[in-house]
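Paired with subunit B in one complex and with subunit C in the other, subunit A is shared by the two complexes that follow.
After this line comes the complex of A and B, so read on.
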């Protein structure tokens, strides 16, 4: 192990020998390094958001035929820093009658719930916070803390719009958690472990090829969990002004902003880890830092996709949003668990990965076709009745009217 | 060691935003007045209680969520052991999921999934 192929573990070992050399007990030295590692990962996660804000504003700008930020620094790179310094000096306005404890706790919970997920993500073969045996369950649990933050914010603000946003978050975030949890079963089934590191290591064939439909369902539910464009009902600007965060100002609002961007990126990392092989790639085992680069490339592919979806798709109506979840994604994800279990257990005794791949691909394609046919049949059966106006009033130009009176 | 790290990281994850908010609170001006801290409602004054009644539909969806989430979490141990399982264990899980799907279709037929 040298500095060039594994810098983080190299520095860690060097610091440990240094601390022990100073006369610190080896156990204490390890705990000090552990706390330092946690603090560094947390700070890096939050600082990374500054770059994400710039990246997303730039892409959204291009999608809307604008330039995006381009004044402060090269390519507008320092724009988020300027915004950050501004928001640091903004006054906190607490509305009258607000429930102080949930009101102040909400922005902290929103960020913490997202940041906690970073503790279990395997960034490379030897660069990770912790390799939990139940990491997948931890991700689900930490995700629901973020939802709690949004519900707290809506409840504590003493505002009708905020409360409506909280109600909608109950309907949306909670509902979309079911297909998310059910599709998480499939990577766990295929790898036989809930540890994210083992899931990455067992993807000699990417799981997106073995389970394309569950991967798509997972992506959709993740966009809904973040509460982004097609699913931005909880903060819909044109309906309930800003939803749950309407009464927040200063950095308390900024924290919701940070939480949203961090969550969007975290879901992209999770997709890359669960379905796109994480840090796997040529030479990633020998040079851990290369694995980190691979993971970041895959993550940015997915993140770019979600940003483009955000910039192009209009918002769903609330009944459509609930229908997509309860009548399409939930039954389909449960059925996909059944189909994957049956097909995989039938093909497994053959012991050939290529046969498994082919069988699962065919099963997924069949299920996709059946779903499309069912959806087409249901839209045909409940086509909307045409509403025609009874009388049509057409304004005629002045000259024409004069002519008709003359006649 | 792993769980210790997660514990430390959870505390750090909660402390960092809390610290940032506190620092900004010290830096920021504090000049509250009654008009500024009144509830925002598009320029008009709030009428009545702001903790309004909610649609019963949200409660029903909350209940359906509870059933499905608990049972989906029950499936995780099965998914971990799936690779070592015989066809009998898989058939059991299939029956379990079919019962779940049956419950979903029951709620669907009863019209609980319609947003009215």
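After this line comes the complex of A and C, so read on.
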């Protein structure tokens, strides 16, 4: 193992020998290194957001026919630093009548819920925080802690818009958790494990090819979980001002901001790990750092896609948001789990990955066609809106004039 | 004392303190917050016992579902609901005595157990195998009946809640 192949583990081993050389007991040295690793991972995650904010503002700018930040530093790269230092110096304003404990706990929980996921993500074949046997469930648990943060913010602020935002967040995040958890079952089923590392290792064929429809459902639910356009009803500026974070100022607001960007990026990593083969790629086993690069490329593809969706699709109405979840995504994801389970267990004894791929692709295509037909039928049978523009009111001036002249 | 023991004592103290606060705080929202901390402490205890599955399920089910439901129900009332009355009545010492006696009796009984002071043994590798756990839930010789009964109970609750919530005309 050399430094360039596997820098993280190289440094870790060097530090461990150093600590043991200083006379620290090996067990204690392990604990110190784990704590240090967690701290470094968390700090790197938070610092990474600085770059993400620049990247996303730049893309959104281009989508809206603007240049985006371009004043501070080359290509405006230092703009987020300027914003960051500005937000550090701002005043904290606690609204009157706020419930202080949840009010101050909320930004922490929002960031923690996202950062916890980073602990179980396999960044490369030998670079990961912890290879939990229940990592997929852990991701769901961390997500619910983030939701708790939003609810606390809405409750603690003593503001009706914040409370409305929190109600919407409960309605949206918890509803979209159902298809998300159900589609999470499919990579677990295909790989036979809940450990993210094993899921990555068993993707000799990417799961996005074995399960395209569940992958799409997962992507949609993840965008909804982040609460971004087109699912930004939680903080719909034109309806409830800013939703749950309206009463926050200074760094406390900054934490929500950071949590949103970090969450968006984390969902992209999760998609890459679960469906795009994670760090897998040529020579990734021999040179772990290369695996990290592959994962980052795949993640940025997905992240770019979500940013483009954010920049182009308008916000859903709340009834549309509920319809999509309960009438489309939830039944479809449940059916997909059944179909995938049956097809996969029928085909697996043949032992040929190509047959598995073909069978699952056909099953997915069939389910997609059936869904499209059902959706088309339901659109056709839907009642016309009461206030559709009609021609009844418009008198026909020409004919009237003709009639009057005839008389 | 090993590091694990120190950690366990800390977690146990926090869990018990949060549990007491959950029933003694005056604001109902704060009671819910303390309850969440208690449940989290239980999850950490599971993690100390090397049962990652139950630790995570504890967070998903109790914090992710039940605690959010509780908080949501409190939010719907939009009341701070500060309880101003006295929290103890005159007979408080009777249950206190009973509980103290029960605690002493339990500790007394448990201390006669041979492995009362034993350190937890290292678990075998297959103990964290979730496949065995899943198979046990559908094995006729193991837990299939409790598992199915729980499923039927949940289904009944689901049907009942839909029945209660349905807006019937007339």
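In this text, the second predicted complex is superposed on the first by the 383 of 407 C-alpha atoms of A that agree within 3 Å, B and C clash if a C-alpha of one lies under 4 Å from a C-alpha of the other, contacts with A are read in each partner's own complex, and residues count from 1 in each chain.
Here is the rule we go by: a residue touches a chain if its C-beta (ideal position, glycine included) is under 8 Å from a C-beta of that chain, and two chains touch if they have at least 3 such contacts.
Remember, predicted model here, so these are calculated numbers, not experimental data.
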Check whether A:174 is in contact with subunit B, with subunit C, with both or with neither, and answer first, second, both or neither. both
A:194 contacts which: subunit B (first), subunit C (second), both, neither? both
Based on the superposed arrangement, let me know which partner A:102 touches: subunit B (first), subunit C (second), both, or neither? second
Contacts of A:297 with subunit B and subunit C, given as first, second, both or neither: neither
On subunit A, which partner touches more residues: subunit B or subunit C? B
Regarding the shared-chain residue A:147, is it in contact with subunit B (first), subunit C (second), both, or neither? second
Between subunit B (first) and subunit C (second), which does A:138 come into contact with in this model arrangement: first, second, both, or neither? both
On the A-aligned overlay, A:365 touches which partner chain: subunit B = first, subunit C = second, or both, or neither? neither
Contacts for A:163 in the overlay, against subunit B (first) and subunit C (second): which applies, first, second, both or neither? both
Identify the residues of subunit A that lie in both the subunit B contact region and the subunit C contact region. 31, 132, 137-138, 163, 167, 170, 174, 192, 194
Complex contacts: residues of subunit A adjacent to subunit B: 30-31, 34-35, 37-39, 41-43, 46, 87-97, 104, 107-109, 111-112, 115-116, 118-120, 129-132, 136-138, 158-161, 163, 167, 170-171, 174-175, 177-178, 181-182, 185-186, 188-189, 192-194, 241, 246-247, 250-252, 254-255, 258, 318-319, 322-323, 326-327, 330-331, 334-335, 337-338, 341-342, 345
Which of the residues in subunit B end up touching subunit A in this complex? 1-6, 8-10, 12-14, 16-18, 20-21, 23-25, 27-32, 34, 36-42, 46, 50-52, 54-55, 57-58, 61-62, 64-65, 68-69, 72-73, 75-76, 79-85, 87, 90, 93-94, 97-98, 100-101, 104-105, 108, 113-115
If you look only at subunit A, which of its residues touch subunit C in the complex? 27-28, 31, 99, 101-102, 105, 132-134, 137-138, 140-141, 143-145, 147-148, 151-152, 154-155, 163, 166-167, 170, 174, 192, 194
Listed in rising order, the residues of subunit C that touch subunit A in the complex are 3, 27, 29-30, 33, 36, 52-53, 56-57, 59-60, 63-65, 67-68, 71-72, 74-75, 78, 80, 128, 130-131
